[in-house]
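Structures follow.
Two complexes come next, and they have one chain in common, chain A, joined by chain B in the first and chain C in the second.
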Partner chain A sequence: MKGCLFNIDSGYLEGLCRGFKCGILKQADYLNLVQCETLEDLKLHLQGTDYGAFLANEPSPLAVSTIDNKLREKLVIEFQHMRNQAVEPLSTFLDFITYSYMIDNIILLITGTLHQRPIGELIPKCHPLGSFEQMEAIHVASTPAELYNAVLVDTPLAPFFVDCISEQDLDEMNIEIIRNTLYKAYLEAFYAFCKEIGGTTADCMCENLAFEADRRAIIITINSFGTELSKDDRAKLYPRCGKLNPDGLAALVRAEDYEQVKAVAEYYAEYSKLFEGAGSNPGDKTLEDKFFEHEVRLNVHAFLQQFHFGVFYSYLKLKEQECRNIVWIAECVAQKHRAKIDNYIPIF
Partner chain B sequence: MGDMFRSEQMVLSQLFIQPEAAYFAISELGESGIVQFRDLNEDVNVFQRKFVNEVRRCNEMERKLRYIEAEVKKDNVPIPDVSELPKAPNPREIIDLEAHLEKTEGDIKELSESAINLKSNSLELTELKHVLEKTQAFFNEQDEVNGLDSAHKALITEDAHNISIRGRLGFVAGVINRERVPAFERMLWRISRGNVFLRQVEIGTPLEDPATRNQLYKTVFVAFFQGEQLKTRIKKVCAGFHASLYACPSSLQERNEMLKGVCTRLEDLNLVLNQTQDHRQRVLVRSNGDVNQGMELGEYAETHPNSTQVHHEGEEEEEEPLSEIFIHQAIHTIEYVLSTISHTASYLRLWALSLAHAQLSEVLWTMLFSMGLKNSSYVGAVTTFVFFAAWALFTIAILVTMEGLSAFLHTLRLHWVEFMSKFYEGLGYPFQPFSFKALLEEETKPEE
Partner chain C sequence: MRYTLIYTASVLTTTVITILTLYYVLTGKGEQISLAWFLNGVTPYMWASTGIGLAVALSVVGAAGGIHTTGVSIVGAGVKTPRIKTKNLISIIFCEAVAIYGLITAIVLCGLFQQINPLKMSEKYWATNQMGSHIIFGAGVAVGFVNLFCGLCVGVVGSGAAIADAANASLFVKILIVEIFGSAIGLFGLIVGVYL
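Here is the complex of A and B:
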């Protein structure tokens, strides 16, 4: 996709996205936030940032969940504005981004129904970007086959579900397997779509998606130690669009503890760096934090290039990380437990 | 004449105010609207400044006012336009205002909640009425299919047979938003593998949603099915699509009786609703006066955290060693002289432009037009015609358009760079005085 033709359809949206990106909180803002004594202080400080008076109409006392919801609401409004203005192929690209939230919502609803929670209590917990028409009627399904035939077949997630259809009842184990199988199919489809677009978008997005795939493979492996998940089943859950495919994945299948996983990662330069200094010792960062940091770095690099769709994906991910950071700090402030308040992931 | 382009004479001054007098001093300054405040405490966090608690109280009051204003606007109660702005309230009045606002907000919230409850009840009864009226047609059809209509009634005498036929098909009746009907129908069809029979009819008039006050178009539907397990699944789907289900009796007589009961209840409910609305109007009109006065409160929030700054210009003087002064002045002189010479020489570009123009016209004349004039009589006429066209085209393109743009550009550059750099700095920002009047106008403007 030549740069000169990009602006005809997507110039306004890329400009808008970069404008939003400039409003992401800087290190100075975080230094101010960690000095807050109460949530009211937090609210006052956020008024001076791009968030503005978003908490103005909330009655005091504030709760952390209110802040979380309002932060997410602002992000959703921005994303939906961009989605409404987009044309092909950007509109399909943005839709692909929302499919991951749809998968999360479906799994949340099914798990909640399994634990006999009323559907009315679960719906507000769903992510607004991933809502679709049939979502609220999902509790009619008790097996994956029913889930597909009744609900998912009309949604864009239908092609991802083909590998999951079975007549077994939905229970804890199956739900996790369904989640990971859905996500694997989604990730591979997204990767293929970006490759098809080509150009800078493919360069940027395939880098991000490959890291996501590898990260999931490693996390699935580590989390499956000590569970009933067999090695063959585990192999079926690994997304194949990352750098670990095929040798790394084959080695991961054979791995049986954390050290072996680390040994596999040694063969790949970027991943071996992430395992250094990660662990459960005090003063170490957790492996998840290291993954988050690497992801943030990749997303920030996306903005160094112009005329590609990766900026939209990266903006969304960075904003989400910012929401997680603010909520973390808010929790520490609200509970007056300031020991780990600096454990947020700095972005800029 | 030059005064038109100069800025106003301004004075930078510093005010030291006792905290007790701070409120009155700032309110006086706000009324007069001649002072712009500068923030001296830029490095300090917003929440660590001196008057932060007062600011918080003001913000709370502002939030309550906004809520009351929104409710007043929703009900289209006119807010009287005050031509003369009331004076800013003093501290004691503010405490009274705070308490009054809290009570009003609580009252309005309660009234709104009870109004919403009443409206929901009214909506349910209206929907039930529509269901009872419109499903008449469907049940008639079903009776025809089952052979139970008036034409056949006399011929069938076995009661047991009647009951078993009527019990063959269960049904649920309800009301759903019109936009959700296609997906709803599709899902019912899927979960029942095609064994559910849906009949629907649209409600012509839109119904008002109690909470959002939007006008919604709805559809009455009846879903016929067989078997009890299917009933639970259908009910789940209805709940998922936010369809309200109503217990509709299957016999005509029962339906008519229910319809009569519903109509009377609806009338009673409308009476209560109207009375509640009147009461609400009265409360809202009373709180109108506060809305105007309270708007000014917002402005105090902005000034309190700032402490004003002033220092007389020229009072700061540092002692500089004499040699440094000489060196600075020498450098300054050399720069000035050099730039004067180079800027003046820059004006020679105008001579270069005119030379270029002259040469180009010469070229076009000798190479183009003269060639055309060389021949005579009829051949000459034709060649003159042709060469003139070419000559005219090039003249307009090059000599008029291009050279014209060039001349304009160079003169503009000479003006902005070589001339204005001698004295013009372009610094300065618009004066934004702290004035209540200006701030109130700014707040009301975006709402129009």
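Here is the complex of A and C:
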């Protein structure tokens, strides 16, 4: 029954999304790309894949940043097409996905404004999926509090500001702390929304979001060693919707070095596996790489079930990972430093 | 929008039933309404017609739901993989077959439907007619509901088949086998209906 009810509103878009997913590069394509000698070769190989002639109009010599921009542009076009055709509740779901890019854009604009950069230089650097109407108006405000009252209160991100940051805090807080606090509020709101939708969407998305929450908690902890971030402040930045809540998070607050973080992860089967192979020796994968691999695996699993919204989220994340992979390979090729060219994360 | 409609409909139904019940109970006519009154009072025509109507109506609803589910997925998956569109019409044909089962049953049942005059017959003849009408009703309802669920089932499987075919062409035939089993359920209903 639920299949028929799902297909009424979102069947076409799910079929379309799965069609896009079939175009994600496979292992054979990556093997071809890794053997390229120049960026022109890379462009030729990409023409044979789903990307087609997306680099056709670029003047040579090709730069890696151009490739990066073009890849992202293609992804944005596909996502916008799906968003334009979506109805409730899929449209809210897709909007939630864009909020994370909006947070990044706002932080970028605030930092740029604080360093007196002209707004015209900052807007092109923003991620297109996270654009919103009031972006141009951000430079009008001179203090963050004024910024909130005048500009941000009309954006969809206003509830995330309200939950955790008051007007006085905005003035005093470090910009990275603002970013992490916003992201925490966003993740928890997204998790609650998916739980409310229920069914297969909740099963699939809550897995992904729980992992994202835990990953952020671990990364925040590791990055805060050696900085003046107090333990209480650190505790306020952990998203509460993951598997580490509440015991793991409490243990992470008390952790003082990498070994203690690893000990906390030992209690959770999936995360202890991630810490095992990671290390800083050459030839080892870093912890970040292991997190990416796990995320890719979770996202690929989303496609095993039909009639849920998780496919849209997973498709976006996998495409982003593919962009990162292609840019990594392109950088290695451009700099002729082929030692680590195989360090991309294979998807299929 | 859907919820306001459903809410209004249910509130209205409950009010009407409450009012009617209270009327009958309070005026002492409550004992008139009983199952025997209902079964005797309703003419055989009504039972038979309802059965035939339900047979064709529910089958068509099932088939329509199934075709919609499959069709939407074929359209979506066909954007990136246009080769699937002709092969996947087979799934739609399976759904359509379900509607045809319902139609056949209705036509067969209509053939058994004859005019009777209730005043000029013996008690035994009347009883046989009653039974006949109930059987037609039963057959119609059986075929109708079976085809409803069969159509929806084939639709959901067909949608999966379309998407799988877009990803990997060799999967289509294997999923078709699942659809054939689903269609077999509809056939069971038809057999029962005709047998009755």
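Rule of thumb we're sticking to: the second predicted complex is superposed on the first by the 334 of 348 C-alpha atoms of A that agree within 3 Å, B and C clash if a C-alpha of one lies under 4 Å from a C-alpha of the other, contacts with A are read in each partner's own complex, and residues count from 1 in each chain.
Note that contacts are C-beta pairs under 8 Å (C-beta built on N, C-alpha and C of every residue); 3 or more make two chains touch, one makes a residue touch a chain.
Everything numeric here is computed off the predicted structure, so don't read it as measured data.
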Report task. Answer with first, second, both or neither: which of chain B and chain C does A:12 touch in the superposed model? Result -> second
Query raised in the report: Which partner, chain B or chain C, is in contact with more residues of chain A?
Result: B
**Report entry** chain B versus chain C as contact partner of A:56, first or second or both or neither
**Finding:** first
**Report entry** Touching partner for A:23 - first (chain B), second (chain C), both, neither
**Finding:** second
Query raised in the report: Between chain B (first) and chain C (second), which does A:45 come into contact with in this model arrangement: first, second, both, or neither?
Result: first
Query raised in the report: So, does A:205 touch the first partner chain B, the second partner chain C, both, or neither?
Result: neither
Query - In the complex with chain C, residue positions of chain A that touch it - result: 1, 3-4, 7-8, 11-20, 22-23, 306
Report summary line: Per the touch rule above, chain C residues touching chain A in the complex are 65-66, 68-69, 72-81, 152, 155-156, 159-160, 162-163, 166-167
Requested in this report: Would you pull the chain A residues touching chain B in the complex into a rising list?
Outcome: 32, 35-37, 40-41, 44-45, 47-48, 56-57, 59-60, 119, 133-140, 146, 149-151, 153-154
Report summary line: The residues of chain B that touch chain A in their complex are 45-47, 52, 56, 59-60, 63, 66-67, 180, 183, 186-187, 190-191, 233, 236-237, 239-242
